[in-house]
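Two complexes follow with subunit A in common, the first pairing it with subunit B and the second with subunit C.
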Partner chain A sequence: MTNPAHKKHDFIGRSVLSALAFLKDATLSEEYANRKGFLQSLDPRFKTISFLLFLVTVVSLKSIVLISPFYLLCLILALLSGIPLRNFLLRTLFFIPLFSLFIVLPTLFSIVTPGEPVWSFHVVGITGIITRPGLDGAVLFVVRIATSVSLVVLLSVTTRHSELLKVLRVFGIPQLFVLTVSMCYRYLYLFATMVENIFTAVKSRVGVVSHQRQGQNVVAWNIANTWNRTTQMSEEVYMAMISRGYTGEPRLLSKFHATPKDWLWLLCAVVICASLFYRGHTL
Partner chain B sequence: MHIPDGYLSPATCMVFGAVMIPIWATASRAVKKTLSARQVPYLAIGAAFSFVIMMFNLPIPGGSSGHAVGGVLVAILLGPWAACIAVTVALVIQALLFGDGGITAIGANCFNMAFVLPFVGYYVYKFISSGSPSGSRRRVIAAGTGAYAGICAAALFAGIEFGLQPILYHTANGQALYCPYGLKVAIPAMLFGHLLFIGWVEVIVTALVVKYLQKQDAVFFEGGRS
Partner chain C sequence: MSDTVFELKDVHYSYLGKFPALCGVNMTIRSGEKIAVIGANGTGKSTLLQLLDGLIFPDRGTVTAFGERLLEHSQDNEKAAHRFRQRVGLVFQNADIQLFCPSVREDIAFGPLQFGVAEDEVSRRILEVAEVLDIQHLLDRVPHQLSIGEKRRVAIASVLAIDPDVYLFDEPTAGLDPLTVRHIIDFIVNANQRGKTIITATHDLHIIGEIADTVYVFGRNKSIVRGGSSESVLNDRSLLESNNLIHMHRHHHDGREHVHQHLPLEPHD
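Then we have the complex of A and B:
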């Protein structure tokens, strides 16, 4: 049985394991990208452009009534793309929207946002009054963020990461930058695993790290050691690139093929965004 | 400090995107001058290193924990322009692939964490450590001070960006359309957490890593590898 005191101080295990779980989850999310579904069938360039259009429109709109259709669209697209709704909601509603809700809570009250009272209550002699402008502002803020996060997650989980990085070239991002992003992504998992191995080695030799100062030293030593390995690995990676034909000018193998379906999808996206944008300005 | 989509207005996002374009262009030119083709993977690995650093939780009194950004550490080791690119790459991956930090807010996030943070931190480090030997204690103190100054400056800018939203973007009856708190609330709120807690996490991580690297290989601090 784990000693609760040790469990409390086992921040190393918690830190590395949670980081690895996070990375693995993100990597495994390609599971959805490899499935057959509506969004997976679209050309990544068209899909990315349409989602950016949606995102900019959602961020620009100032009415919950106009933003809500985009959230509904996200749910429909998730279903059409073979993403279990429960997983999608868990990933999109927890953390950022929940955190944002926590942030805007004080703005609900008359002390921060004066206006027409909607509801009041008394707690330990203190009167709290929720106002109409406070409530409207908070709901708009959270709905906009939840919709934005849903759009980004949908795009990310239904597109292979390598394709998503290639799409950056469509937007004129320099090849060197795209290559760096692509290489960086590949090393993340490797680094996380390397760090996990170092921690396992340390724990197996010294047992449980139970003092705060000792723990800080172990973490700092690991970061320094990771950097040292990084510099050594840099040379090896360069030699591997040379041996595979790298001449200093990176080339990307792009095999995107646009079909009438992609053009139709993009047209629909433009029409949806333009009509809601226009409606937003005439409301 | 990662700003998600929806916290800033589209106009603010566009302004910071426009501000970052010449910064990225200058960073690319500066890095091309100082890094040879052999060191191209160095940038990518530096970015991955910056990403991984953000995953290290540090224990603090009371059993809770916090994490560092590592931008100043990368600036000390690779130079501020290389740090700008490395942190930008880490932020792009976080936004695009992991949904952490907004896509529309990428310009503002990069301005705070890939420009203000490494540059302020690096120059504070340079000022304090100027003329000291590569293995000196003064460099450790300089690195910690730089890290603290860098992250607090970045937090200040984030606070200003948040605080300007309700002043610039609201409805006719005063309802905020984006981040609802003005400068009087946003700046102290952002600074409070960073001055009292996150800043110290950054100090501990940066200073201790510099101390360990001094012991392992002091060449890291002899003018930087970039």
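Then we have the complex of A and C:
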């Protein structure tokens, strides 16, 4: 049967499945965090503080020459931490700066950033002029965004989410919040898997019956079912917590182990940031 | 009687007031006993274990634990609640429910930490428990990415870390390979020899001989249809068959059709 509607349905199904798989892989799996590498071996507190330091410096610097060393640093750190460069570049260079382009695009033009025109064009009677300061500002902006995004990606990819959350604890965020968010994370993964399974199940059933209506019913029923399971599950998880002594104020493991290597790393980070910051503000 | 752990008198429980799950259950469990609760799906085994763990409370009838009535408001006092929770541990039927922490290590630590055990002692216990259940290599893994058998072992470890007097197991061997089943049976038998009281809900008749001295059979009426020593229950085939615990096996042998029961204790040909 070569029904085009059927094919389309299948295409949507496959796209949803692969989108889900990507989402699960990109945000929820902690593949790189579990590898052995330089960044993975650092104490999450020291790592977070040093990356915050980098970020602040990158944002405050106004010269591409001074920002690019940080980008180079990111690439070196990625290599030292077992992250394939291709994968890392894809994540940072391609996806996220794409969004920042939408922010930067208006500042290119003369209305927003006046100056010497570099290139002008006419679209339906409107004259657009790209200015020199506008272009320079845009390039700087993109480099800055790319570097900041690289830093954030690097930190989040090499640290388990639960540990990042625990670093928040160190900064005085309540334990209950940390527990709740980490549990959301954990069950999000479970639900993604559940939706995936349901999708496959529906597809296999629709495949046999090949009856659009029936397929829709199965989908509707499964969505309702997922919802029920979700609420029931949260009740049961609560019971499981009660059973092991939870009384409303959770207590979690909080120990981090700082080594001389962590201090050394922090010292390096401070020196790098201070010297580039100094150069940036005396030039 | 000071060694009575649980005493249930005419216990009734229904979900949302309209789905009956237990109807008139009477039971006395003494310290150090090995008990199995068997019954078809939906006969109230999990509900019973949750009642015994003080997670739900009967609509009618009484549950007494360690000589005190289990009441909902007795859980309001943190000290009293902790005292009970430290004595009774439940391994849930669904390990995904039980393991809610971001890492295996933290899941094992959760119980002891709630009871105020110091972190050094907790770290020591994690290693000890991981060794008993052979999960040292899983400590830094994410619980939901483990296999069913690994999750089950982690779930048991999370209860063992509390070191309760009474273990409640809900289908501990469902869906596991023979070696893992063996490991878990050994764990149960071992714990019992150390004086722990064990109550297991299961469908798996093969393991009952080892994990229980006394067996309660739950029927479709959601109450106990028979209680007795494990041999006497396992030998009562008509009882087991009428309660969906064994079934007739029909297959071909040398071209002749052949019907026999699927027996719990003997391997079938």
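Rule of thumb we're sticking to: the second predicted complex is superposed on the first by the 192 of 283 C-alpha atoms of A that agree within 3 Å, B and C clash if a C-alpha of one lies under 4 Å from a C-alpha of the other, contacts with A are read in each partner's own complex, and residues count from 1 in each chain.
Following the convention adopted for this analysis, a contact is a pair of C-beta atoms (placed from the backbone, for glycine too) under 8 Å apart; a residue touches a chain by one contact, two chains touch by 3 or more.
Everything numeric in this text was worked out from a predicted model, so none of it was measured.
Visitor: Please name the chain, subunit B or subunit C, that touches the greater number of residues in subunit A.
Guide: Larger number of subunit A residues touched: B.
Visitor: May I ask you to decide whether A:Tyr278 touches subunit B, subunit C, both, or neither, giving the answer as first, second, both or neither?
Guide: A:Tyr278 sits against neither subunit B nor subunit C.
Visitor: According to the stated criteria, A:Phe171 is in contact with first (subunit B), second (subunit C), both, or neither; which is it?
Guide: neither
Visitor: If you stack the two complexes on chain A, which partner ends up touching A:Trp263: first (subunit B), second (subunit C), both, or neither?
Guide: Once the two structures are laid over each other on A, A:Trp263 reaches no partner at all.
Visitor: If you stack the two complexes on chain A, which partner ends up touching A:Arg144: first (subunit B), second (subunit C), both, or neither?
Guide: So A:Arg144 only meets subunit B here.
Visitor: Applying the touch criterion given at the start, work out whether A:Gly245 contacts subunit B, subunit C, both or neither, answering first, second, both or neither.
Guide: A:Gly245 sits against subunit C, while subunit B stays out of touch.
Visitor: Mind working out whether A:Leu55 is in touch with subunit B, subunit C, both or neither, as first, second, both or neither?
Guide: first
Visitor: By the touch definition at the top of the document, which applies to A:His161: first (subunit B), second (subunit C), both, or neither?
Guide: A:His161 contacts both subunit B and subunit C.
Visitor: Pick one for A:Met233: touches subunit B only (first), subunit C only (second), both, or neither.
Guide: Both: A:Met233 reaches subunit B and subunit C.
Visitor: With the touch criterion stated at the top, can you tell me which subunit A residues are shared between the subunit B interface and the subunit C interface?
Guide: Touching subunit B and subunit C on subunit A: residues 161, 182-183, 185, 187, 233, 237, 241.
Visitor: Provide the residue numbers of subunit B that touch subunit A in the complex, in ascending order.
Guide: Listed in rising order, the residues of subunit B that touch subunit A are 4-7, 9-10, 13, 28, 37-49, 51-53, 55-61, 63, 65, 70, 73, 77, 85, 89-90, 92-93, 95-99, 102-104, 171, 173-181, 204-205, 208-209, 211-213, 216-217, 225.
Visitor: What residues of subunit C sit close enough to touch subunit A in their complex?
Guide: So the residues of subunit C touching subunit A come out as 50, 53, 55, 75, 78, 81-82, 85-86, 89-90, 92, 94, 96-98, 100-103, 105-106, 109-111, 113-116, 119, 122-123, 140-145, 158-159, 162.
Visitor: Contact residues on subunit A for subunit C in the complex?
Guide: That would be residues 29-30, 34, 160-162, 165, 182-183, 185-187, 189-190, 233, 236-237, 239-247, 250-255 of subunit A.
Visitor: Quick check: in the complex, which residue numbers of subunit A touch subunit B?
Guide: 8-9, 11, 14-16, 19, 22, 26, 52, 55-56, 58-60, 62, 96, 100, 104, 107, 112-113, 115, 133, 136-138, 140-141, 144-145, 148-149, 152-153, 156, 161, 164, 174, 176-177, 179-185, 187-188, 191-192, 195, 212, 215-217, 219-228, 230-231, 233-235, 237-238, 241, 248
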